[in-house]
Amino acid sequence: MKEIKKIGILTGGGDCPGLNAVIRGVTKSAISRHGWEVIGIADGFEGLVEPKGRIRELTLWTIRGILHEGGTILGTSNRGNPFNYKSIVNGKEKVIDVSKVAIRNVEKLGLDCVVIIGGDGTLSIALEFYKRGINVIGIPKTIDNDIMATDYTFGFQTAVVTATEALDKLHSTAESHHRAMVIEVMGRYAGWIAIESGLAGGADCILIPEIPYDINKLAEKLNSRSAAGSKFSLIVVAEGAKPVDGDISVLKGSDKGFGIERLGGAGNRIATEISELTGMESRVTVLGHVQRGGSPCSFDRILSTKFGVAATELIAKNRFGEMVCLHNNKISSIPITDAINSLKLVEPDGDLVRTAESIGISFGR
Amino acid sequence: MKEIKKIGILTGGGDCPGLNAVIRGVTKSAISRHGWEVIGIADGFEGLVEPKGRIRELTLWTIRGILHEGGTILGTSNRGNPFNYKSIVNGKEKVIDVSKVAIRNVEKLGLDCVVIIGGDGTLSIALEFYKRGINVIGIPKTIDNDIMATDYTFGFQTAVVTATEALDKLHSTAESHHRAMVIEVMGRYAGWIAIESGLAGGADCILIPEIPYDINKLAEKLNSRSAAGSKFSLIVVAEGAKPVDGDISVLKGSDKGFGIERLGGAGNRIATEISELTGMESRVTVLGHVQRGGSPCSFDRILSTKFGVAATELIAKNRFGEMVCLHNNKISSIPITDAINSLKLVEPDGDLVRTAESIGISFGR
Amino acid sequence: MKEIKKIGILTGGGDCPGLNAVIRGVTKSAISRHGWEVIGIADGFEGLVEPKGRIRELTLWTIRGILHEGGTILGTSNRGNPFNYKSIVNGKEKVIDVSKVAIRNVEKLGLDCVVIIGGDGTLSIALEFYKRGINVIGIPKTIDNDIMATDYTFGFQTAVVTATEALDKLHSTAESHHRAMVIEVMGRYAGWIAIESGLAGGADCILIPEIPYDINKLAEKLNSRSAAGSKFSLIVVAEGAKPVDGDISVLKGSDKGFGIERLGGAGNRIATEISELTGMESRVTVLGHVQRGGSPCSFDRILSTKFGVAATELIAKNRFGEMVCLHNNKISSIPITDAINSLKLVEPDGDLVRTAESIGISFGR
Amino acid sequence: MKEIKKIGILTGGGDCPGLNAVIRGVTKSAISRHGWEVIGIADGFEGLVEPKGRIRELTLWTIRGILHEGGTILGTSNRGNPFNYKSIVNGKEKVIDVSKVAIRNVEKLGLDCVVIIGGDGTLSIALEFYKRGINVIGIPKTIDNDIMATDYTFGFQTAVVTATEALDKLHSTAESHHRAMVIEVMGRYAGWIAIESGLAGGADCILIPEIPYDINKLAEKLNSRSAAGSKFSLIVVAEGAKPVDGDISVLKGSDKGFGIERLGGAGNRIATEISELTGMESRVTVLGHVQRGGSPCSFDRILSTKFGVAATELIAKNRFGEMVCLHNNKISSIPITDAINSLKLVEPDGDLVRTAESIGISFGR
């Protein structure tokens, strides 16, 4: 059993409400309960490769007041994969493997373990480091809630709250006019934000990547609502929603975990098509990064704190290479190697879709 | 298999954000998916005993716009137990059994099933009717989240959000002064709201009924915080919090499901004791019924909708006498008889308490 | 002095949080204080031209619970100008003058006065009716706050709150990355929402129609922030923001009061230009109609209620042809003829801009 | 004209959302526009008397991210009057005049002016220092909005928003039961928070210090509502509400500006009396310090920023001894000596009360 004296924390990938709460949970538990020292590594893996000015001692004092703050006090990075690191060599941008530099820095810093908070891409890198002898513990992070190994990721519920609030507002404005209101929310591969906010916000139609939509079915739905006297409709569109006959690709390039962002969502396209097919006026709201920000909701603060504390418990037990997760409402863990590359999608015939269709919501199928 | 044509819905007991969302879920699903007629019975069981002016047809139109509304369009009642019904007989208040009147009214109304939304008390009555031949389906309801048979009840998360928002505000105000801020939240038997909002709101101490507190331990904690330079402390107190040596009873009489409300919470008492023991100024906030109101949060709207739809699925399958529930994040059901009289308490050594204590929160033990 | 017995209310133009609060204020005051009968006319002037199915008695009961509701229980209309009324004549859409029909309907309904809630276009129509002998009272309404005759219009503060909340969220997400976040808010001619939300939400740059921007000055500002270590910037863009050298017209056609909506805002264009000029990644949020919805904030509920009550006071005094307004925080009134066609713009050197520039916010000039 | 090089800021008295926004406004404007140095003095006047560990350089960096934060980064103090300073002399608490120490410290720190943010008490002290040769600029601060010299003080609107949100929640919960819900809000001398939140939150009765209430009139109102079928009522009570025949004093001792806090509000007393007189069940919510906390609303952030910037403009013009204020929606200033000791009360027959009574709200008169 390795005795722990000092641990590091870093976060990779996009923003997620709750990151600071995780950092706080790890730090408070490490210090108060275990008596360890805690180091924050800024700007993701970049901070391990080029640590100068990026190493911060985390104390009970430095983490004061961050529980309810969005963002992350540690920053993240876009060029963060040390195994494929964007560097300027002789004036040219090159991609090189600097993982050994990172490993040496972990040793220099005297870190007995590094807690790595991130999505699929970040955790894949964490796994590579673990294979090369670095003690790592993973904490899953994705606004999209699409990691198979955990019931929930923090930040997701906050994004649903944000999207639901926007839907509530569109609802009240739509009610006094005769329109189709389209709101585009996050979700390139998985429609969790769209289906949950759509259910919570009283949407009439929800388009998600998991259920390719037929634009004519959608138009039919809107027309039948009009005919029944409901002259407005609310349509929630996940940015990755795809038509059933679709060769339209909304995604270009790879986005495996390194922050390449959406290159154009489905909302505007669908609004235009609806107007053409139904003659209805349509309006579009693109929430964008608003969904990644803001104070985490109470659910996410609790989940983040649990994850942070659980990470220190795994460290104390030397269960390196594992990732904390929530399984049937209980905190648990799983080997990182089993957790990555396994996308959790909305089941086209699961509880959520069945519930939604039972109350008359159309998925355009 | 009984063919269903017409169902009724009633709600009993105290308010809970999400009640309207349940009513909407049942109604939309019953009409759109099953083609049934739906009747709303106002004022709880009172509406079954004295239906005059209390029977409302629920249509897709009448339930429009209620998803996000707090309260209940059906009202509830305080004298609602037909087996012990408060009546005025010859000018005197008497308690009589009018259950047969209620049963006759169910028949007169032609209801093939009655969906009964309520807590332990209401569901016990539902069970008695079921035993007497009435088809009932139960939907659990308690702001306190203390029904064993379900992971979550709707309304609870909304109450936690409300209490957390209050804590966030106290936090920022407390920070610039040197004080003990006490906030009393709901929870007579179970400390779920207190512990979840305390964790989410950055409380320093959380007092819950499940863990009797030692006021001296509490004072010690506050003093040690002062000594460390933190001159304010936030203390969340469940209304049913009890001292370890306690013969102080904050509860009088029975409150088994019939709306007898709290007769004085623990917040003021504890604030006074703290001031006496530590010399600190203290301030008290009593949230009261604010926690029972407001628009349900997105989580509760989804849960309510799922419960409502699931109730109609049980009806379609003739699984009368059952109650819908959430089990490991999946919608499920359980015989009402197994669901009642089984209080779900915060485990003194479970995930939540352990997480809280790991980050330095004191339970006064 | 004309004795009043019965009044009507109608709303025209786009949505505005607070419309229901105005309707409630008028109705409650008319009934409780003056003893008048109140009629709601649905769908704006359309309801006066084709009243069938559009006339609703407003009582203390029918307006219950609408104070905090967004939207309007009376609806509005897009083809609403009776002097230029879109009709289907012999199968063809024609524009005809049906004002006499409307006037006859006012008489048939026995209305001693019609309270007309709307913006510049709607109030111009109100004025025309007044000139033709109809007793009208105007209540100003515009989300953009750009009516000269009143310090504030209801709905505006709510829109500012909504935009500020979005900015707060972008702020926290932007902080952990290195980006330009662009948020497009309403305001085609006047930049009130942009400048108030920008000040309240901590924007770095605010682009408003009143101050044409130089995109190079904007880029300079972002670059100088980068150089100083602030790697993200928040840019609030009013949809009507214009470049200083600008022949780019974001507006097509006329929108004088009849609901022709924005045909493309400035947000996307500016984000693209910024990325090209600075090399920074940029992200865009288009709030759209979210700003017109939602529960009115407390400020707007009070203002709406004051306006509604003041309208009945003007009626009681037979001061027809006037419009209620807020002048130096006091409720007052002004002839409609003096109120219309007078746009209130952000003064390029007034309190707000000076305050903003003093704390380092750039307007791109 | 004195050339300014270095200024100080301190805040006195209770918490107010917007304090940090003021500090930010002063600092940003002083540095960016005027090129001055800025010093933050912690813990109010205590920081001037005993500056050790209480002097902080305020830079663009140290004030980052505080715009939306409640509380104050500078802290305040309870024993803060240097002219009557609580000290321990020879082991005994004594009250002595240490104003000369404070004056010497201002000189030692090289402060050309001190910006003093506070209420009546704090500003009176500021005036005394000014009379003794210290350059001061005042910024008015009171959650109660009861300073005559300014239309609004920051923090007030945020308190109204908080109280209105609580009322909205009580409203929805009350609607499904048959009760009197009493909510006690701040306001010992002035009923601004009570009347504005009562109007915005749909209260049925509002009790404020300016209009002594007759408990029988109140009971009458509740009974007449019951009789008309509205079985619940919402009563907003300012903590300083007084009965018309009242020798009941809810206030003990003096609270002139030095933080002596409320010793018991009117809410519980009134709830008990109502229950006795009407037989209705009643429930009480005591919001307490929740009203002083939280992120300032957009209105308050803008007002705070304007005040902060305006203070630096006064300094630049050497208009010492003045206080910034808002007059008819324009930023202005007034000699401190004219601003203090002049309470702005709700006019018993002004716009607000008249509006409220017109829509049927009772003040118990």
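Going in written order, the chains are labelled A, B, C and D, and every chain counts its residues from 1.
Note that a residue touches a chain if its C-beta (ideal position, glycine included) is under 8 Å from a C-beta of that chain, and two chains touch if they have at least 3 such contacts.
Computed from a predicted structure; not experimentally measured.
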Mutual neighbours - chains that touch subunit A and subunit B alike: none
Identity of the chain that, by mean CA position, is farthest from subunit D: A
Subunit A and subunit C, separation of their C-alpha mean positions in angstrom: 36
Separation of subunit C from subunit D, taking each centre as the mean of its C-alpha atoms, in whole Å: 31
Interchain centroid distance [CA atoms averaged], subunit A/subunit D, Å: 41
For subunit B, residues contacting two or more additional chains: 168, 171, 175, 295
Overall pattern in which the protein chains touch one another (line/ring/star/complete/other): ring
Touching pairs - complete list by chain label: A-B, A-C, B-D, C-D
Touching residues on subunit A, where the partner in the complex is subunit C: 14-15, 17, 19, 69-72, 74-76, 78, 162, 165-166, 168-178, 181, 261, 281, 283-295
Residue ranges of subunit C touching subunit D (in the complex, touch as defined): 24-25, 28-29, 32-33, 60, 65, 67-68, 151, 157, 160-161, 164, 168, 171, 175, 196-197, 199-202, 295, 297-299, 301-302, 305-306, 309-310, 312-313, 328-331, 351-352, 354-355, 357-360
